[in-house]
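Each of the next two complexes has subunit A plus one other chain: subunit B in the first, subunit C in the second.
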Partner chain A sequence: MELDYGFMIETFYKIWDGIGVTLGLTALSLLIALPISFYMAVIRLRGHKLGTGITRFYISFVRGTPLVLQILLMYSLLPSFLNFALKSMGSSFNIFESVNPFWYAVIVFSLNTIALLAEVFRSALMSIDKGQMEAGVSIGLSEWQTYRQIIIPQALVVALPAVSNITVNLIKGTSLAFLMTVKDVLAIGKIAASYGYNYIEAYLDVFVVYIIVCTIVQLVYRIAEKRIGAFRAV
Partner chain B sequence: MLMSIKNVRKKFGGVEVLKDLNMEINKGDVVVILGPSGSGKTTFLRCLNFLERADEGQMEFADMNIDLSKPSDKEIAAVRKKTAFVFQGYNLFANKTVLENVMLGLTTGRGIPKAEAEQTARDALQRVGMIDRADYYPAQLSGGQQQRVGIARAIAVNPDVILFDEPTSALDPELVGDVLKVMRDLAKAGTTMIVVTHEMKFAADVATHVIFMDGGVIVEEGTSKDIFQHPKEERTKRFLHRIFCTAFDGLDEDD
Partner chain C sequence: MDTRVFNPSVIFSVMPDLLSYLSVTLLVAVSSIVLGSLLGMGLTWAKLGRLRVLRWLAHGYTYIMKCTPPIVLLFIVFYGLPKLIESMTDYDINDTNRALFAIITFTLLFGAYISEVFRAAYQAVPKGQYEAGVSIGMTPFQTFYQVMLPQAALIALPNFGNSTINLLKEGALAYTIGLIDLIGKGNLIIAQNFGAYSIEIYLACMIIYWIMTLIIEKGFALLEGVLDKGVHMGHARAGGGEP
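Take a look at the complex of A and B:
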């Protein structure tokens, strides 16, 4: 087997350029999912009946279906649905040509991440001793002040390893965005390979890019956990 | 009179744990509540700052007349700002240093400027002998040290009354002394305290008023001399007898 090293190096840089799309997709989905999932976790812990029911239904829906299916379904459903909605409002905006599929990908991955993070936050918040809240209100803090200063910072440290996992899985999961014609790391690799059938070289490049990125991200999380969790380490 | 509590009742799932309790506290009083476990003393204490909600009861405190069963948010906040609570399990804020633990009620809780709050907090830590641990996290301290910080956190906000919920019962025996000494010092300095405890010697020495509770009612109350030397009620006598016999078991065998 003969590898075309020249092609491999050249393609590596091309693929590396796609990292912006991959990380952008990951970061945007996480940023959108963080507040919403946290709010869902709080709703469930507070025992709000309707909110809990909706949240649980939503989480079991996301968990019980493959990501590929969610992507394919949303990519078929969402543009048509939006088109229908716009048309019925009398707008002549062409949704099929004007919207970058990147944004559909953001929506799908956000919806997916929300469900995963909501469960992580719920268990993290539950792990904080209720004496912390009692101590907070007993010295004259409001419940919200105690949440912000005491409960949430402690829960975040508990949640961080799981959030790190979810982030890395999300980075890898965004590779499925090529199904929506998003040009991420994997899509660029596939396209480059298809010109001269250098699939092995291109896939090895993609492989290396993912390993580098995921390793760095995990490292960053580990450092963050050490720093914001300093109070636990004795 | 600083605080008056009337007709407090509380049920947990059909079981009446507090049955018509009344209490009056004057400034500088050290009220010690004794009683076997399950007698409702801790629940009673927790009702006073709304960590537990009473089913019935009135509280007169700081120009307020509060229905303990349905206090307004404003009343709850007002009472909590004028009282402080020392927990059996310390409940120090795990993610804050010792100094931050003591400062938080002043800065975030009461909007006192940081510099002033830090000075007050350091003074409080000085009083409990924990100033040299100001930058430690709770996880780095022993139980006794944590509880002294818990007391510093309570006195820093200068409350009208401090509620102590079995402050020494989670501690190793050799650490109890330090915490009790801090509490004795507070009492000497005129701090108003309500203390739920099993420390009989502390009660006998420091209490201005002793309440003996059993089965959700106050069985007997009076000065520490009344209760310890001349108890009238049979239940009080039995309780004291049991406590002191256990304490002196070793001596009995020698006789």
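Take a look at the complex of A and C:
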């Protein structure tokens, strides 16, 4: 099999232009999902009936359906829904022309990540002894202070390996953003390939880029795990 | 652009049409799980074996597969495999069924994921079990087959169920190479309606997938209950509430 190596090297550099979109999408989705999923986990642990029911339904639905379908659904639902909402408010803002599809992707991946993280946080919080909260409150800390200074650091140690996995999966998942015409790593490779039908070369490039990125991210998490290991509950 | 009203009845009226293509989706998923499990067993054997080269190869393969987005691998197989085979032999497999490419891709992925599950499960069985088996005169193979494997299988079961569900969901990508499966058919129906009803049809597909995952989850939970008949060491039953 002969590959066009010149094209491969040239495209390899070109593809890195998309890394900002891929990583930006990942980081934004994680940042948005963090507080919401944490709140969901707390709702479920407190045993609030309606809240638990809703979050369980949501988590089960997101985890039970393919990401690609969530993307297809939201990409056909969101623009017309937003347009309808704005029109009924009397705004003349044109959703279809002035919203970058990147933001739709952020919404889809955030919604997905919320469900995955909520499960992780719940099991991490469950692993912390109840006495920790009681002890914190009994020495005069507020509930929020106890969470922030005592519970969360310990829970984070437990949760971090799973969060690392979710991050890697999210990076992989963002490769589907090309379905929403977002110009990420895969999309740039695809476009470069379509000029001369060099698909296999371009996809091999993309493959290598993802392995490099994924390795770096995992290394960063490994270092973080070492550093916050001091909070490990004994 | 005009906004069309959402019509929930379409969700149910397209279901029969979609469900008739469920067999394609299931064929891809089941074949990949069966073949992938075989590949996973081979990888596990290599990882636990004595040959350093094989160990490295198996671990390296798993690592690479874990870092590869399924869609990228699917495209590489779909575009690369026909080229590769054409250059080595004279066969042209461009016109073969697209399901074949999907099955190859998901087998490669599932093998890597599941080899980690198998390895962890095998290593979770105490080594003394193996030594005990051999010391009472069983051959290593007998010990593996009759003592280690049943216990490891039970430990692996929940994670195997999870991986199965993940594979089923990743299998949804097969439509991107033009396979007419559940989603492929959904897209065809949308195209026939000139882009209308896309929300309803995607929702219908999601409901079908959701029901499938719930069934698989329940099935594996039931299976675990049936198989856990004291083959496990005592400590694992501590949460069960039985004496």
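The rule is short, and it goes like this: the second predicted complex is superposed on the first by the 230 of 234 C-alpha atoms of A that agree within 3 Å, B and C clash if a C-alpha of one lies under 4 Å from a C-alpha of the other, contacts with A are read in each partner's own complex, and residues count from 1 in each chain.
Assume a residue touches a chain if its C-beta (ideal position, glycine included) is under 8 Å from a C-beta of that chain, and two chains touch if they have at least 3 such contacts.
Computed from a predicted model, the values in this text were never measured in an experiment.
Applying the stated clash criterion after superposition on subunit A shows that subunit B and subunit C can sit side by side.
By the document's definition of touching, neither partner reaches A:Lys14: not subunit B, not subunit C. Rounded to the nearest 10, the superposed model shows the Cα centres of subunit B and subunit C diverging by 100 degrees about the centre of subunit A. Taking subunit A as the reference chain, the count of touched residues is higher for C when subunit B and subunit C are set side by side.
Residue contacts after overlaying the shared chain place A:Lys183 against neither subunit B nor subunit C. In the superposition on chain A, A:Pro153 contacts subunit B only, with no contact to subunit C. Once the two complexes are laid over each other on the shared chain, residue contacts for A:Leu73 go to subunit C alone; subunit B is not touched.
For the three-chain overlay built from the shared chain A, the minimum Cα spacing from subunit B to subunit C equals 20 Å.
Applying the stated touch rule to the two superposed structures, the subunit B and subunit C interfaces on subunit A have no residue in common. For subunit C in complex with subunit A, the residues that touch the partner chain are 1, 3-4, 64, 66-73, 75-76, 79-80, 83-84, 86-88, 165, 169-173, 176, 183, 198-199, 202-203, 205-206, 209-210, 213-214. Taken together, the subunit B residues at the contact with subunit A in this complex read 49, 51, 77, 80-81, 83-85, 87, 89, 91-96, 104-105, 108-110, 137-140, 153-154, 157.
Within the complex, the subunit A residues that touch subunit B are 129, 131-132, 134-142, 145, 149-150, 153-154, 157, 230-232, 234.
Contact residues of subunit A toward subunit C in the complex are 1-2, 60-61, 63-70, 72-73, 76-77, 80, 83-84, 87, 96, 168, 172-173, 175-176, 186, 199-200, 203-204, 206-207, 210-211, 214-215.
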